[in-house]
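Here chain A shows up in two complexes: once beside chain B, once beside chain C.
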Partner chain A sequence: MATSVLRLGIPGRRWALAWIDGGSRHRSGTQPGPTSNRARGQSSVTQLSLRTAQKPRKGEHKWAAVVGLEIHAQICSNSKLFSGAQVCFAAPPNSLVSFFDASLPGTLPVLNRRCVEAAVMTGLALNCHINRKSLFDRKHYFYADLPAGYQITQQRLPIATNGHLTYSIYIRKKQSQVTTKTVRIKQIQLEQDSGKSLHDDLRSQTLIDLNRAEGQLRVDANISVHHPGEPLGVRTEVKNLNSLRFLAKAIDYEIQRQITELENGGEVLNETRSFDYKLGCTVPMRDKEGKQDYRFMPEPNLPPLVLYDATSLPSDADSQQVINIDQLRDTLPELPSATRERLVQQYGMLPEHSFALLNEVGLLEFFQNVIKETRAEPKKVTNWVLNTFLYYLKQQNLAVSESPVTAGALAELLDLLDSKAVSSAAAKQVFEELWKGQGKTAAQIVSEQQLGLMQDREALEQLCQATIDGHPQTVMDVKKRNPKAINKLIGLVRKASLSRADPTLIKEILEKKLSL
Partner chain B sequence: MAMAAAATATAAHSNVVIRVRVAPSSSLRRSRSKEMWARAMWVRFRAAPDRGRGFASKASPQGQVQAAGQGTGTPSLALQGSGRVPTEKIEHLERLALVNFGSREAVARLEKAIAFAEQLQAVDTDGVEPLESVLENRCLYLRSDNVAEGNCAEELLQNSNHVVEEYFVAPPGNISLPDMVNRIPSPTAE
Partner chain C sequence: MLGRTLREVSAALKQGQVTPTELCKKCLSLIKKTKYLNAYITVSEEVALKQAEESERRYKQGQSLGDLDGIPVAVKDNFSTAGIETTCASNMLKGYIPPYNATVVQKLLDQGALLMGKTNLDEFAMGSGSTDGVFGPVKNPWSYSKQHRERRRHDEHDDSHWLIAGGSSGGSAASVAAFTCFAALGSDTGGSTRNPAAHCGLVGFKPSYGLVSRHGLIPLVNSMDVPGIFTRCVDDTAIVLGILAGHDPKDSTTVQDPIKLSRIPSEVDVSGLCIGIPKEYLVPELSSEIRSLWSQAADLFESEGAKVIEVSLPHTSYSIVCYHVLCTSEVASNMARFDGLQYGHRSGIDVSTEAMYAATRQEGFNDVVRERILSGNFFLLKENYENYFVKAQKVRRLILRDFVNVFDSGVDVLLTPTTLTEAVPYLEFIKEDNRTRSAQDDIFTQAVNMAGLPAVSVPVALSNQGLPIGLQLIGRAFCDQQLLTVAKWFEKQVQFPVIQLQDLMDDGSLILENGKLTSVSLTQ
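Take a look at the complex of A and B:
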């Protein structure tokens, strides 16, 4: 059972739990103005609380909702948090279980170094304060998938506290406008995961698999409502939320349910609810037995976890046995916010674009490869990657890795465009052809389909002249300085040239011919 | 387990006293400090249920009693003036710990144990850091992230009476006590 969970609530033996506690009833007075997230990571449980203001109803004063999220995220490691059993997805039941995981008497937890590093790095990435000393506790409850009768967690003094995460969201549905918000992270803690239970209702039995290590991310939401300025309301916990979409729905429903309940003179019970996907509502999960008492006690088998930094590191320390926070900080990859900032600075793109590039797996790398191989302007590349390339991907629901067009192919096409060998309309046609993935290069397609821009100026001049001669009425409009008329003429020439003429050049020739 | 437990009994009858030196457990590799081992005194009781002064012994069916005021935020088990534990509290404990006090005598023993532990309150701890762990001077050993265990499903499953296709089998839900039909779903339900 030694998988570790970061409780950001990331819990679990191998799970990271992040616990985000939005509205604890005992918080009084502190009204977070901007959104506040307390993240308690387990393995990284992060506690986040978000506040959203509600519209006034029936002329009464406003309601404010407080939401805390408990996020359980699995740590990426080879072996479990407290045992040397393997972490692996979809293995035969109970095959990844050591004696400790099976809670056999006499076994003891041994902490996995990698899990501690992961927790520290998560804490650093989320701007948390890393506790130099953290403690392990036992949280007791009975369930068949918890053979020890308790799970080892970090309730009293977790590994990281008081962080924050800044994120951006699109305003309404408009993809073009972005606003930033900040969420507070209460704490991050390492935690064991319990086993997996399969309920066999037919035979009235439960099948237990102690492998754990599945379900990479899990979120529980804590929700309460209150009037701004008044103490926080009673909170409920909603579990069983598997996707962001249902998380949002469940939270919205629960906020509304609580408001309705309170406005009708009822009360909100401090209970656990689950989300019924089919009905789209939350339902109570268990009998009214009162608040669960986990009887926390210090884990007697684990001394405090001590972390060091460059200044406090003992000189004779065994490097395998100490964790240096500063060293870990140096190994952190570039965080998304830094990447986005860099993209905006380096390529002059809008913040929205940087978000779009980072939101799709592999897209940033693709973009950077195109930039490397083409001499076209970065803005052009951004435009093509986000508007054309991404559009095609989404149309066919493909990942970047599945794209039939490589970065090199797009780079070549953009080079042709840049050197004015093709018009932009023709380039779109070439891209469409490239997307068919028949192995042809952009240049080949251009020559095969004769999409290249006419290089022969004289021929173009003749075409323009022919068009002028063929459309005297339009010519008259042009001479009358009708602004739309010239565009019409340009359009006619373009059609006649089968999109092989550069519009600016056409305009130039026409204007010369018509002595404008 | 590197936990020190001291138990004394004042029975007149002869007791077998074994002093055991508890070595550091295998998960804690080294300790340079002088306090390398904890001494545990084991006292074997003879029958008689009323071992007044004793801390709850391991032989008793009530299991261990947590000392009051652990600082975990749970309400202290401090007794009301009469020294009695309220019935609702007993029932609550029974549900939580899956024990059955069963008799007034057993509850009395609990109350005596609490009173014994309450003596800790008489100690002046101003300015003294709480002891969270007797292991506090030890270094927590960090294991490198290698796979070294597992793959013994067959062996483990032999421990179970009832097995279905390499799964352990448990009764459905959570049934707390035989005479209580209260089904309590898992706190961390899937």
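Take a look at the complex of A and C:
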């Protein structure tokens, strides 16, 4: 779940985009807005909202959009929130269903400790207040993939409330400029996932998969627009957005649609909409029953969830039966903002490079492994990881874990570069060879393809002399103190050496020979 | 042999006076003979005989599993039983065969008990007469007893005057009262074990909420349901409770702390006890016979040196209406899963999923269940929730506090009636609707469920009509052992007579075994 929640920062980035895209109409300065958050158990839900104040052009109406997100993120656990049945992505339908999951009469929910811990850790990471006591509720509605006729959730008193997340975003076009924003988190709640309906239009039947927890991240966006200083507008809810790209598009579209509607004298209806990703627009969902009354009721089969901290923990408590918030806080991994700060401090890295390293799953670990094994400067490692390595990954659309080049292999290559055994250009060639994944080491490739830097000074001197002899005009230019001419000569020598010569050394020899 | 108590027959099995198979066959034969009582929905003859065979093998090898090994028991048909149809006496679950055993059922089986069958009830345990199930009403065995037949009015001598068994666990009560088994499980949400126990002359025990697992019990009201125990004496209840009690990882509302339960001593001294008599339980509708017995029982405790005082439970009069709101709300929620999709009844109407849901639930549930669902959903509506559900929860807290205050003031056990009257004839009972009946019949019992306390109905004496009357003892939460200890003393004093059903018994062994025929201490 942590991974999913960390992505919460990204909706902020789209705001920077929206704001610049909206240059013609709804330009905005982004402001932190009211935020809510629900963490979902089998999957967890987070809700946050962003408010943008629009800066109008002369003579234009001022519009502000308010966006609240309900983010359903699946908890990374071995078994389900309320049953011992396993959680496994892409398992055959209904293969991981306990009697409770099938809502057989007489079965009772048993809360999964791991899910509670994950929710507490998420709450801590998002600077929430962790409620020492939280409650479970039943939310009722009839649907084929909800076999109990209700969903167990935390409506009244959720596990965590009132948090915030500070995040940084690039300002478009000036990639080097990073600005910091904050969103508020209203609440994090543990919630049972419903099943999955599979509609077979051919046979006009619906099949139900009760394995659940298929979507790892799902967002509902609540959107309204209003004039700053006036009451909030009527909101619409765009349901079931399962990619960040579509989330951004849906919100952009919906804001624009609402503004247009209102400016044309129309009204915004309080309705649920879905996003048609092919047409790029939102459309009203068919809501047959009209307004739902979920008839919330306390879940009587689960006692209040009580959490302890170091001071409230009873001395005779069985550690298997209690959850200690302070102990969980100690096990929290370094949070991304802290990691970025550390990277900048420790390696003198540019802030944007620290972002780049954290934006790709596994890239930071890869970077740190290279650093551990190489003598090369951190700056050099950063450049190689972010420019060369990441470029190759992106080109082939691979994850870091799928890379044919290991951290150890890159470290070895960078060592060769550092010891001047290869030139920088040759190193790139070696990298390309390594990427082919033929099991050869950097050193093997260098020796087989004779990419090693020329260590024989005499041979290099001969090569320099031959170049001088072959290019009298350039030599003349050099002597006329044309500053570009010496670089041309150096380039010619390197070319003749098949990129195996060290440019500094070439320059030194040339200068000596030409008595500069 | 069948007239013996569980403990006695257990001793007989151990001594080889009878084998589990003989015992099982005798019970099965009696079940057939008493079929007209309608106590059983399903008789699991094959299962029971197989279990008896296994038990017999264990006895032969000297590896008996304990007091329950080879003992015939019955289970109310709202407890899930693996491989055995579990209907809740509803069309909705006809044909539903659970793939698992309720924890309490499993515990009985693990001890070697023989499961004779699943007993009749009001549909989904909603009722107080065991008259509103889809398989028809349960008849009270006392309708056919010598004691009642001799005393009842002459104009009632045709068969249509049979009496209700009480409910909703009437089938379990009748099964034990008619000697077809030695103990039975009921469930108790508002009195569903204690009420039929009182009407059938049995010990009916409702444990503290959280002491016994509800896993596998098809719920009526999760926050009040507990498995209940029917036996013919208090000692037997203690044996069964000792097996059933304890934390269940599958039921998060069972308590973690081990509760000490041991065999009740044979000599009990009540002189140090304080017995509370709640004045609010003295209501005009209480029959004069029961009122008089209640008073005599109080005198009995006093005469043995116990302190008997009048106490007040001031919120008692709000209890029934509060119970109604909370009960129907949970019912509305619990019944939501019966939609015809996965198990149980499914209507043939398939124009749309919604139409199928509606028709399934219309066809599957009786009027009582549907009325409670409707009320409950009304109370849970957003606009009503605060005014009904939340208020009822607050009243529930006040009712609990009433009990806590009384116990904190030094009272050990409360003594009350269990029912307003003795069992009434079916034809009279059905003159009132289920809701009215439940409100009347639960009057002394449901507050205990709201407070989660242990309570036991002990048969005390026969009425002028020759019908059993029970009194209720209520204990502090998780003081179940103390409560049963007091109950045992009380039971010993009153010497409740054994039901005389000799017409049923070919060998007449019943009355010979345990033949104290008249009550001793308490008489009309």
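Everything below uses one rule, namely that the second predicted complex is superposed on the first by the 431 of 516 C-alpha atoms of A that agree within 3 Å, B and C clash if a C-alpha of one lies under 4 Å from a C-alpha of the other, contacts with A are read in each partner's own complex, and residues count from 1 in each chain.
Here is the rule we use: contacts are C-beta pairs under 8 Å (C-beta built on N, C-alpha and C of every residue); 3 or more make two chains touch, one makes a residue touch a chain.
Treat the numbers as computed from the prediction; the structure is a model and nothing was measured.
Undergrad: Is A:471 contacted by the first partner chain B, the second partner chain C, both or neither?
TA: In the superposition, A:471 contacts neither chain B nor chain C.
Undergrad: Is it chain B or chain C that touches the larger share of residues in chain A?
TA: Greater contact footprint in residues on chain A: B.
Undergrad: Once the shared chain is lined up, is A:296 touching chain B (first), chain C (second), both, or neither of them?
TA: In the superposed model, A:296 contacts both chain B and chain C.
Undergrad: Given the touch rule stated above, what does A:148 touch, chain B (first), chain C (second), both, or neither?
TA: The second partner, chain C, only.
Undergrad: For A:488, decide between first (touching chain B), second (touching chain C), both and neither.
TA: Neither partner.
Undergrad: Taking the superposition on A as described, I'd like to know which of chain B and chain C A:329 touches: first, second, both or neither.
TA: Once the two structures are laid over each other on A, A:329 reaches no partner at all.
Undergrad: Output check: A:102 vs chain B and chain C. Expected answer is one of first, second, both, neither. What do you get?
TA: Touch status of A:102: both partners.
Undergrad: Is A:138 touching the first partner chain B, the second partner chain C, both, or neither of them?
TA: second
Undergrad: Check the residue A:507 against both partner chains and state whether it touches chain B (first), chain C (second), both, or neither.
TA: Touch status of A:507: no partner.
Undergrad: Can you pull the chain A residues that chain B and chain C both touch?
TA: In chain A, positions 99, 102, 104, 108-111, 140, 142, 144, 206, 208, 293, 295-297, 300-303, 321 sit in both the chain B and chain C interfaces.
Undergrad: Under the stated contact criterion, what part of chain B meets chain A in this complex?
TA: That would be residues 1-3, 25-28, 66, 70, 72-74, 92, 95-98, 132-133, 135-153, 156-157, 159, 164-174, 176, 182-190 of chain B.
Undergrad: Give every residue of chain A touching chain C within the complex, in rising order.
TA: 99, 102-111, 138, 140, 142, 144, 147-150, 206, 208, 288, 293, 295-297, 300-303, 318, 321
Undergrad: Quick check: in the complex, which residue numbers of chain C touch chain A?
TA: Answer in residue numbers: 79-80, 86, 88, 93, 96, 98-100, 102, 214-219, 221-223, 249-253, 256, 329-330, 332-333, 335-339, 341-343, 353-354, 357, 377, 380-382, 385, 389.
Undergrad: What residues of chain A sit close enough to touch chain B in their complex?
TA: 11, 77-79, 83-86, 92-102, 104, 108-116, 135, 137, 140-145, 155-156, 194, 196-201, 204-210, 239-240, 272, 274, 285-287, 289-290, 292-293, 295-298, 300-306, 320-321, 323
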